[in-house]
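Two complexes come next, and they have one chain in common, chain A, joined by chain B in the first and chain C in the second.
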Partner chain A sequence: MTPKPPQGNAGAALLMRIAELRAWLFLIILVVFFEVWARVAYGASFIFNVYNLQSISVFATAPLLLALGQTFVIISAGIDLSLGFVMGLASVIAAHSANFALDSLGLPPLLAMLCGILSGVIVTFVPGLVNGWLIAQLRVPPFIGTLGMYGVARGAAYLFAGGMTISVTNDWYSGIGNNRYFGVPMLVILTAIACLIMHYLLSQTRFGQHTYAMGASQPAARRAGINIRALTMQIYFLSAIMAGVAGALYTGRFSAGAPQAGEPLLLDSIAAVVIGGASLFGGSGNIAGTIAGALVIAVIQYGLVFIDVEPFWQFIAVGAVIIISVLVDQTQRKFLGGRQVE
Partner chain B sequence: MDRRSAVKLMGAAAAVAGLGALPGRARAADKITIALVPGLTADGFYVTMHHGAEAAAKAVGADLIYQGAAEWNVSLQVPVLDAVIGKKPTALLIAPTDKKQLIQPLKKAFDAGIAVVCVDTFIGTGVFQTGSGDADFPLSYVASDNVLGGRMAARALAKAIGEKGKVYVSNVKPGVSTTDQREQGFKEEMKRFSGIEMLETQFNDDDANKAAAQVQAVIGRVPDLAGVFGANLFSAGGTANGVKAAGKIGKIKLAGFDAPESIVPQLKDGTFELTIAQHPAEIGYFGFMVAYANATGNPVPTAIGTGFTVMTGANIDDPKVSRYLYKSS
Partner chain C sequence: MSDLAPILTVRNATKHFGGVQALAGVSLDVHPGEVVALAGDNGAGKSTLIKAVSGVFQLDNGEIELDQRRVSFSSPQEARDNGIETIYQDLALADNLSIGANIFLGREPMKKLFGFLPVIDRAKMSEAAKRTMETLEFHVTRLDAPVAAFSGGQRQAVAIGRAIFWNARLVIMDEPTAALGVPEQRKVISLIQSLKSAGKGIIFISHNLRDIFEVADRIVVFRRGENAGERNPGETSADEIVRLMVGK
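And then the complex of A and B:
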């Protein structure tokens, strides 16, 4: 659903093309910047370095998993603020279930792990459906509805965890979070599969096309016969499930369920989607952009530590990229002749 | 002194009067009740502090009320505090969740005639009974000396890495009094080792994912990194994951802070070289005793610094060390 540029304006068309790819452009600029700095200052390569690639890609997985669901939500002109603590809740439940299956039910570690992951994901059905219900049926604005769920999920996560982190001793489970296959971290493989599925859903299915339509103009989408209520439910459901996957994998990686696991990741997930080219007004965005957005954030934060810049610059750098990204988005809109969105 | 003698006299009088029903009732009404409001309940650190306070209450035959919020949050702690004040305890032990925002709510307790003792965290500057400022009214501040804790971590880590190499601190965020002090103590002590180079502190926002990526980035630049001090559990845990991913467990020595029971296997398998255990039971015990001594007319110190224990894989089975693990229930 790439918006068509005004005809006969080659310059504008080119600019738009660039604007669409801005996240990848940012990524390339950043990588070149860090590469040059690392070579000059340390005589080392930043990007032609398997170790760095592994570290950065694993670093990006957690915010990216949240951002994948968030992409659908933002394209539909919504926002999901509950993701961080839904992830924490999933992480806690996954840890408890994996421990329970292993210790009390006496299941083998592999099955216990699957129990944990499954329970972690299933528990997110509740916040997902409630979010969807609030927004679709009761017409609560997404910002408020999911903010409420942010609190509820947070409280539930802390209650289930008893205010602590729940440690998990299960080699299978920690393996899924930490092992590598032919040098590729398992987490990256799983996240890549999730990306492919999400990309397919968004670009190849009716569900994805309806999401764009709803974000571009809800009244128009309704008149076109799209069931907005059902669609909204599905979108927030999907978003919560992705947070569940992120939480269940977090538990594997750190061998512990933590209620606050996703709290710092929420804003990173929104930033990744926005840097990736989605508009908070809805109607635009794609999975490839979101992947680039998540990588941009990971590369900045990792790169600045790698080249030994004072840590506070990280915040400034990420903030600056978000602002530039939104400015590019605005300019793009101007070239589209003020395309009206709801 | 006068009041204490008076109390003694009263006690003696009661004893002389015999152990009849009347003095018994009078004594029940006069019984000293001390409340403990933790930063959050169900946290191993505060649970252990509660145990310490209970032991003290039992030793002197006073009552203990233990009430707190489930989360570290000012707006959750204050209602609990108000409810506790409503019960009119003799004294109040509290771990304030904010240096500034808890001043007024605690002033209310003080104005109601309830003696306030800060445990673990503090209000204002943490220096009390000086006659200056609006937050000097608490009787005393009983807590770990976090600067000292940082120093102990530095000494133990320096020894573990043979007093040479590069180290850094993985910290939560700037502006948190306890973790700032640990970092300060750690850096000051490390200056005494000429062979050790301190690298820039990394702040992880309590995000284990970020702490892991940061240590990996530092290792990428400084392959001969010798050690890291994680100033709290999340920093240490995230850093451990990054070190593991880089295949450097055992080569890079990790020093952690705090000692929940879950740390034991990680000390034994070498994930952590050492951790600095605070003594929360001591904080509870001596905090209670300060409040009790004051209530019975005895002078009390305005600050008590409690100790630390360095735990390693080698000493953790020693009951003298393992008794300092935080209890989970």
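And then the complex of A and C:
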């Protein structure tokens, strides 16, 4: 008994590896492209330039934080459209709380900052739990449930902000968003820690394993005794919390809470996950791919500005990469039948 | 076989859904190492009965005894914990996971990394997968491959392997060959033989009378939620079973 795909076929195996690593491949191609362009046009390096590296990596942090939670949601065959404004809501609440703790409670700046970050994250418990409840308990399709939450979170964020941005004057808080340690931005360090934790959850725990199983076949997961409702709640809860972290850090980076903080980032987060190799039908994807996907988007956006192309080209470039990525995925499925995950 | 005490006894089971009487007092017993085939037309109550036994829902009236002990399962998980595994025609596997991950789905073994960090013990899962599949004469070289890469019969073997690994006493098979080609059906029939020789009790539901006659030790026929008759395959014919099923 031999499995269907020919085992001896080295070509097919190689094709599969390449398809799995396509996000990294895109990344390398893009970096080479911008490097050549920079050398020819400016006689300078694109990638061997500390300032560029710092900018690109900081640029990638917010969409990546959203994409980390989105990875779990998409692997479970769901989608979370509310993340952008949940992030905005968290950013506004974090700014208000940090200001309140500093000015009205008279707490020292460090504690005020912690109050702000904590409140920003805690407020996302509400949209996270409501999303999970709608989808798990009331069987609302994820697209519709989280679209509703997109509107609710958006309205709430603007109401709490009074339609403005809430400026924060707190050296500790802006330090979190802008300081560097040995040249590495604090935001990048924190995001890297989040990536490690999410990678652990997805690849090494029952929670992650069951997320894959649920995305492949919900009936199979249910028959195996997995509590689909509880798992769904946990996934959307986690996704909202990651948006909360992104929002709280945004407030540090820009010294302000803004309702629209995550507005342009929602689609970037989905794009990062898809470029990273996940299927929107669920069951596949991983954190390393999502990281590469987020870096691809950041390099395109920063690189096009760097080579002084009209900024509108970045939308076209990101769109093209998404389409190519999905085509590679479909071709791989057609040729190989099965898919390797984890 | 029947000198051994039955693993499973069902007495006077009734169940209705709204105005529909799905079970009107059926009885059934299964002994160790015995394959009991359930035959009956659509709506005869076969699926309702096995769902009650496997904990999907509870009976209105009647008793289920496991090893002469009265039981009532509130969930499939509870039935499984008591040694009842169900194998479905549509396989119920997560296609994107390996054989080991499917065998352990929902009960993954954990180990501690660096002495404190709990992680899934994948080495243990693939080792168990290898041993289990070998007992089914199913030799895999790619233990980490997702089960989507295997054929329907091989995947059914994984589902059966799950029952073996968890040491099920009673294995319920609902149309296990329905989704398979003929050679694959043969393979599943031989897997049932090996379950039988391992002393499991087996309830086998099939529309295929040829399969039933090949593996069953007893054929129990349901009609409209009642027992319509019980025959030994050696002492009956397909025609007689069909007559019992339709009631003529």
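FYI, the second predicted complex is superposed on the first by the 330 of 342 C-alpha atoms of A that agree within 3 Å, B and C clash if a C-alpha of one lies under 4 Å from a C-alpha of the other, contacts with A are read in each partner's own complex, and residues count from 1 in each chain.
Note that in this section a contact is a pair of C-beta atoms (placed from the backbone, for glycine too) under 8 Å apart; a residue touches a chain by one contact, two chains touch by 3 or more.
If you're wondering where the values come from, they're calculated on a predicted model, not measured in any experiment.
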Touched partner set for A:Asp308, first chain B, second chain C, both or neither: first
Most chain A residues touched (candidates chain B, chain C): B
Which of chain B and chain C A:Asp103 touches, first, second, both or neither: neither
Contacts of A:Leu265 with chain B and chain C, given as first, second, both or neither: first
Which of chain B and chain C A:Thr169 touches, first, second, both or neither: first
Chain B versus chain C as contact partner of A:Gly215, first or second or both or neither: second
Touching both chain C and chain B, counted on chain A across the two superposed complexes: none
Chain C residues touching chain A - in the complex, by the definition given at the top: 75-77, 80, 86, 88, 90-97, 101, 105-108, 110, 113, 117-120, 138-142, 144-151, 154
Chain A to chain B touching residues, read off their complex: 38, 42, 44, 49, 51-52, 54-56, 58-59, 62-63, 155, 158-159, 162-165, 167, 169, 178, 185, 250, 253-254, 256, 258, 260-261, 263-265, 298, 301-303, 305-308, 310-312
Complex contact set, residues of chain A against chain C: 1-5, 7, 200, 204-206, 209-210, 212-213, 215-217, 219-221, 223-226, 283-284, 337-341
Residue ranges of chain B touching chain A (in the complex, touch as defined): 40-44, 70-71, 199-203, 205-210, 212-214, 216-221, 233-234, 237-238, 241-242, 244-246, 260, 262, 265, 328
